[in-house]
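Here chain A shows up in two complexes: once beside chain B, once beside chain C.
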Partner chain A sequence: MTALARPLARRPAAGAIEGQEAVLIGVIALLWAALGLSVDTFFTASNLQNILATVAPVTIIGVGMTAVIVTAGIDVSVGSAMAVVMVIVARQLRDGGLAFAPAVGLALLIGALLGLVNGALVAYLRVHPIIITFGTLNLYRFVALEIFDGREVAGVPGTLGPLGGGAEGRTLGLPHSWVLAVALAALMWAYMRHVPTGRHLYAIGGDAEAARLAGVRVTRRLLGVYALTGLLAGLAACCVIGGGGLVAQSAGTGMELQVIAAVVIGGTSIQGGRGTVLGTVLGALLVGTVTSAVTLLGWPNELTSLFIGVFILVAVGSDLLRERRRRSL
Partner chain B sequence: MTTTAEETTRDGQAVKRPSLPARLGRLLLHDRVALLCLLLVVLVAWMQVLDRGGYLLGPYDAAYMAAALESFVPLCVLALAETLVILSGRGGIDLSVGAMVSLTGMAFGFMVGEWGWPLWPSLAAALAFGTALGAVNGFLVAVLGFPSLIATLATGYAYSSLALVSNDNAPISTKPIQDLHELTSMVDLPFGLPPVPEQFFTFLIPCVALVWLLLNRTAFGRRLYAVGTNETAARYAAVSVSGTRFRAFALAGLLSGAAAIVTVGQFASARPDAGTVGNGMALPAITIAVLGGVAITGGAGRVGGVVLAALLVVWLNAGILLYFEGSAGARFQLLALGLLLVASTSLNAPAGRRRRRRRGPAGRTAGRA
Partner chain C sequence: MRLIRTVTVGVALALTAAAGLAGCSKKDGASGGSGDGEVTVAFVPKLQGIPYFEAMNTGGRKAAADLGVEWIYKGPATADPGAQTEVVKSLIQQRVDVLVVAPNDPDSMAPILKDAQSRGIKVMTSDTDAPNSVRELFVNQATAEGIGHAVTDALMEKMGGKGKYAIVSCGQTAGNLNSWIAVQRKYTAEKYPDAEIVDVVYAGEDEAKATSMAKDLMNAHPDLTGLVGECTTSAPGVAKAVRETGKIGKVFTVGVGTPASMKQYLEDGSSSAAILWDVEQLGYLTVWAGVQLKKGARLQAANKVNDKLTAVKYFPDQKMLLLGDPLRITKDNAGDYDY
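And then the complex of A and B:
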């Protein structure tokens, strides 16, 4: 086990903050400074709270997605999984009068189950995860629409408000959901960095076969990371329901792309074996900042995805350059 | 699964011939075209039974099936685009085809509907525009070395955003664009065949023929399979790996351009979200390519399988619409697509299992040079 843990500890560049994170912090600082100078409403409490609250669900799922991508996998079904959780939980909140804790528990349970299905298919079918999760993306969306039954869920009570973006979702001005996201990210960061089974994720991403021969329980780890991602999708669904109101059929659409964007902007290699949760937190923050900036500057909202696309290219491109330089040294 | 008797034995014992059912089972398992043909026959026969029994909302006859080919054309063309990209290996995949359809459609809309260009130069320019969008993907992936999943995710974001911004989120449906609808009218066929959408002949057959010829009758096709199968070996054989892969992406752009023109004609309007609304066009296209037997690891896959898979999906979807009332049909199409994808990949798994048995679990082999 220590043999796996050691190489990273010995690498001098592998401080707590690696290359990509430092760059990201710089870029975010620059963006914030520029926005603060050009838009006087940017550095208001409500705007910053708004950014953090919108970023929270992406960050939460990103924590699991980072682990999945580190194992050289991917999960594009999270948006549909969220939709399933949202419709069931919203229905239960409205019609069953579910309390806070059981509602969150139910969400986590459903999410984890859906994730486990992905994990089992990926681990046992031996097919590339993107294909499997494309399949389950459609399946889960079907399940969600079937439960919606042609009607959106309206009038959801604010039971999950403490996780939402409203006033009751904040303590000392900080949105609970984002604090929760950061706490989860910190836990995951420590797990992936210091716990043997966490190190195994990197080994699987580096070379699954070599990892298996070295005694890593590949199947079990894969089941674990996909189930975790599903569970976190359930938690993110709770944050999105938040103060209640309306849950529409389109819930969760496009979430997978936002999460994957946050993860790769955060410097996690899509080929597996490299990346940190810290980067993902920053990547999500960058995406959130860009979204908010486009709105504040009065540009058309559709431009947001153009910027996200460009940021992905720049982030991955700079990573490729660093990689090339490392190799040529 | 049917068992096959051992094929050879080293110590010279009698070699048992597999029984006929076993051979048939193997054929269906290993030859995707045969399996898809069987599934198509089963589907049509089943729909006929449902039709006779009065379970359907309308007749599932030849005319209906021919009319359903309208949605077959763009889907099949995009699946062929995905085929080229996936064949090129190293985890090749193009998530941006839907966005390319949107953006090229808008460009075509501007040319014809706003700037009043004549039809033929606009067609050529739209195809060139699509090719250029694909070439951007190709440049990022083949030359700069971006993983194709990431590169096309990013360009997909960018293209769809540009398509939406280009005309302030509004479709272009001026008179010249509406006249394009004639490009996609139904044409009557001789010999009592039902009328078929015109784009079946003007777009689909040329596209299928182009891809088939490229893959099976040109040096580029051989190189593409070589690069997809084993990049290093291809490089040692003096094949330009990046050039070949670049061309695969550019061709995917060209085909997306063709699909965009067809889509504009069908809607009689250039919609900025034509290829990206809902789950978009990329996911179904990838699904069909995989269902058609294209290995996601690259280097294996045939045009015939992809065309049959597209036909299967389209006729299945058409049948589902007749079976379920209201919005339930669209829902069950999602279910069918998802089940088909998971089922077809799990069918791929036993075919490759014998080779991979010693290589342990964790089904990842793609994405690695």
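And then the complex of A and C:
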């Protein structure tokens, strides 16, 4: 895989799988093998189902977040957007007796609207997206808390159970949420790789002004990726509500960091212009496996932070090294 | 740039207006003042607007009506020590008669309580103590022993006094939770030698993460028969894990949870019991204690407060009133509480 073989350094490799992705597949395979040897119950259905169902919401949002970061943007408001969706949908499920399809529709609608607000602010104000979405992170959390109005939503029924982590959330042993995540990731992967407007996302991340001059509709693409990320945050919220129960004010807190970690570990460059959804799926799976593994092995919790921190630094470090090598050629 | 400035100013104005409106709507009964000779008891919770402190407010209001005093309930919008300090200072300016605080940061609250006392205000703590302050009384909802023993006993009844169990706690640095866990470890080792705590994990204040971690624990220990959810988000979280894995009746859970959030799990058996104290009565007791303090009445070793609180213990060496034994919430009485 030499850089010379490519016509454009910023384009992904010609093969279907990039360097970082191959490394990730290897790391995950090794990790799973090691866990299989050291934990008797690792390769049981209940354990793998739990890992996949836990990873699914992160992966779903990661599909949108990858596109956002490829455009050299970022969306740190997804956790707060989830909280807004969760409180509204949970209330409607409990008090309004909302059925499955309208509930999911409502979640997608609210999520997409919140994402569109981000997209509009990013596209028209031309302030760095981290500032914009840091602002909306706080604004959306405020909105969620106002809707909570001092009362957590307890006793949410299991209407969204088919997307949750229970038995009704699985077919042939596979969690629906995970299947959904993989399907969405496959669609996005094909879109970003083979459809011209998908390729434009890389061009925007490489140099937005040059892309604009080359005829790329930058504003429209930016509106699209932020709205999509919001919509997917709404879908992830449905998976987290799942079998019902309690939706508390802390809902969605820290989700943005989990998603961004998955994207970055997956090899997407935080400077934009490079990255794939496949990497994000693997990144989310790696983070989810490690989080579970620490508990399965009976190790102290705080080691999870250590491992994820190391993964991020290694991923970003190797990305920088590759970039440097590419430039020196 | 002009667009940005316009938008910024607009947003700022909108937020100010919203904050102003929110301030007005939450002000009910907070006008204060003691000109009419009525005793004023003010309580500052850690933050306003969460079910726990709203339930304390309900009890406090009831007590104020019964005892003929004025009750002020006013707290910060976030659990932020600085914001809470501002609320306390404004109440000192109002010259309330009794000031009760549940401090977010006991140490930084101490000098402010001293200032209040120097202006002739009676100073108390409730729910959370500020031990190194001039407070004249602390209304304690439960001791660490009380909670730790109640949780362990409730779980052991279901587990038959033996077997492996694990704890899903929340914040790793939460002092109260850690003190309960320490009691549970000690008490389990002493009273139930055939039982063993195999792991303690921390899920933060995240119900979904508590569910996922509880499943990890059941996968890691196939012979696990018990789980404890140590706080109000992990208590329903571990119950949900047992329900979703179809282990009702095989793995028993007990948690420190609110009746409303535990009701559905208590009903289907994924939770055996929730341990909490009667939060409304804690509010009631707080007002009663404030009135005694203002009157200069001597507290007895056991005090009759109302029909439910017939023998509230007073510990003079710690200047502490203890609400009583924790409440055990089961499927039979979960519907009696609306928080």
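Here is the rule we go by: the second predicted complex is superposed on the first by the 316 of 329 C-alpha atoms of A that agree within 3 Å, B and C clash if a C-alpha of one lies under 4 Å from a C-alpha of the other, contacts with A are read in each partner's own complex, and residues count from 1 in each chain.
The rule we apply is simple: a residue touches a chain if its C-beta (ideal position, glycine included) is under 8 Å from a C-beta of that chain, and two chains touch if they have at least 3 such contacts.
Note that the coordinates shown come from a computational prediction; the quantities given were computed from them, not determined experimentally.
*Asks:* For A:Ile260, decide between first (touching chain B), second (touching chain C), both and neither.
*Replies:* In the superposed model, A:Ile260 contacts chain B only, not chain C.
*Asks:* Quick one: name whichever of chain B and chain C touches more residues of chain A.
*Replies:* Higher number of touched chain A residues: B.
*Asks:* Could you say whether A:Gly150 touches chain B, chain C, both of them, or neither, answering first, second, both or neither?
*Replies:* After superposing on A, A:Gly150 lies in contact with both chain B and chain C.
*Asks:* Identify the partner contact of A:Thr54: answer first if only chain B is touched, second if only chain C is, both if each is, neither if none is.
*Replies:* It touches chain C, and chain B stays clear.
*Asks:* I'd like to know which partner A:Leu246 touches here: chain B for first, chain C for second, both or neither.
*Replies:* Only chain C; A:Leu246 stays clear of chain B.
*Asks:* Pick one for A:Arg327: touches chain B only (first), chain C only (second), both, or neither.
*Replies:* Neither chain B nor chain C is touched by A:Arg327.
*Asks:* Look at A:Ser292 in the shared chain and tell me whether it touches chain B only, chain C only, both, or neither; answer first, second, both or neither.
*Replies:* In the superposition, A:Ser292 touches chain C alone.
*Asks:* Touch check for A:Gln271: first (chain B), second (chain C), both, or neither?
*Replies:* In the superposition, A:Gln271 touches chain B alone.
*Asks:* Once the two structures are fitted together, what part of chain A is touched by chain B and by chain C alike?
*Replies:* 124-125, 127, 145, 150, 253, 302
*Asks:* Can you list the chain A residues touching chain B in their complex?
*Replies:* 71-74, 121-132, 134-139, 141-142, 145-146, 150, 204, 208-209, 211-213, 218-219, 222, 253, 257, 260-261, 264, 270-272, 300, 302-306, 308-310, 312-313, 316-317, 320
*Asks:* Once bound in the complex, which stretches of chain B touch chain A?
*Replies:* By the definition above, chain B touches chain A via 91, 93, 140, 144-147, 149-151, 153-158, 160-162, 164-165, 168-169, 278-279, 283, 286-287, 290, 296-297, 326-328, 331-332, 334-335, 337-339, 341-342, 345-346, 348-349, 352-353, 356, 359-368.
*Asks:* For chain C, which residues are in contact with chain A within the complex?
*Replies:* Those residues of chain C that touch chain A are 3-4, 7, 48-51, 54, 172, 198-199, 201-202, 204-208, 211-213, 215-220, 222, 232-233, 236-237, 239-240, 243-246, 258, 260-261, 263-265.
*Asks:* Which residues of chain A touch chain C in their complex?
*Replies:* Residue positions touching the partner: 39-42, 44, 46-47, 50, 53-54, 124-125, 127, 145, 148-152, 154-155, 164-167, 240, 243-251, 253-254, 292, 295-298, 301-302.
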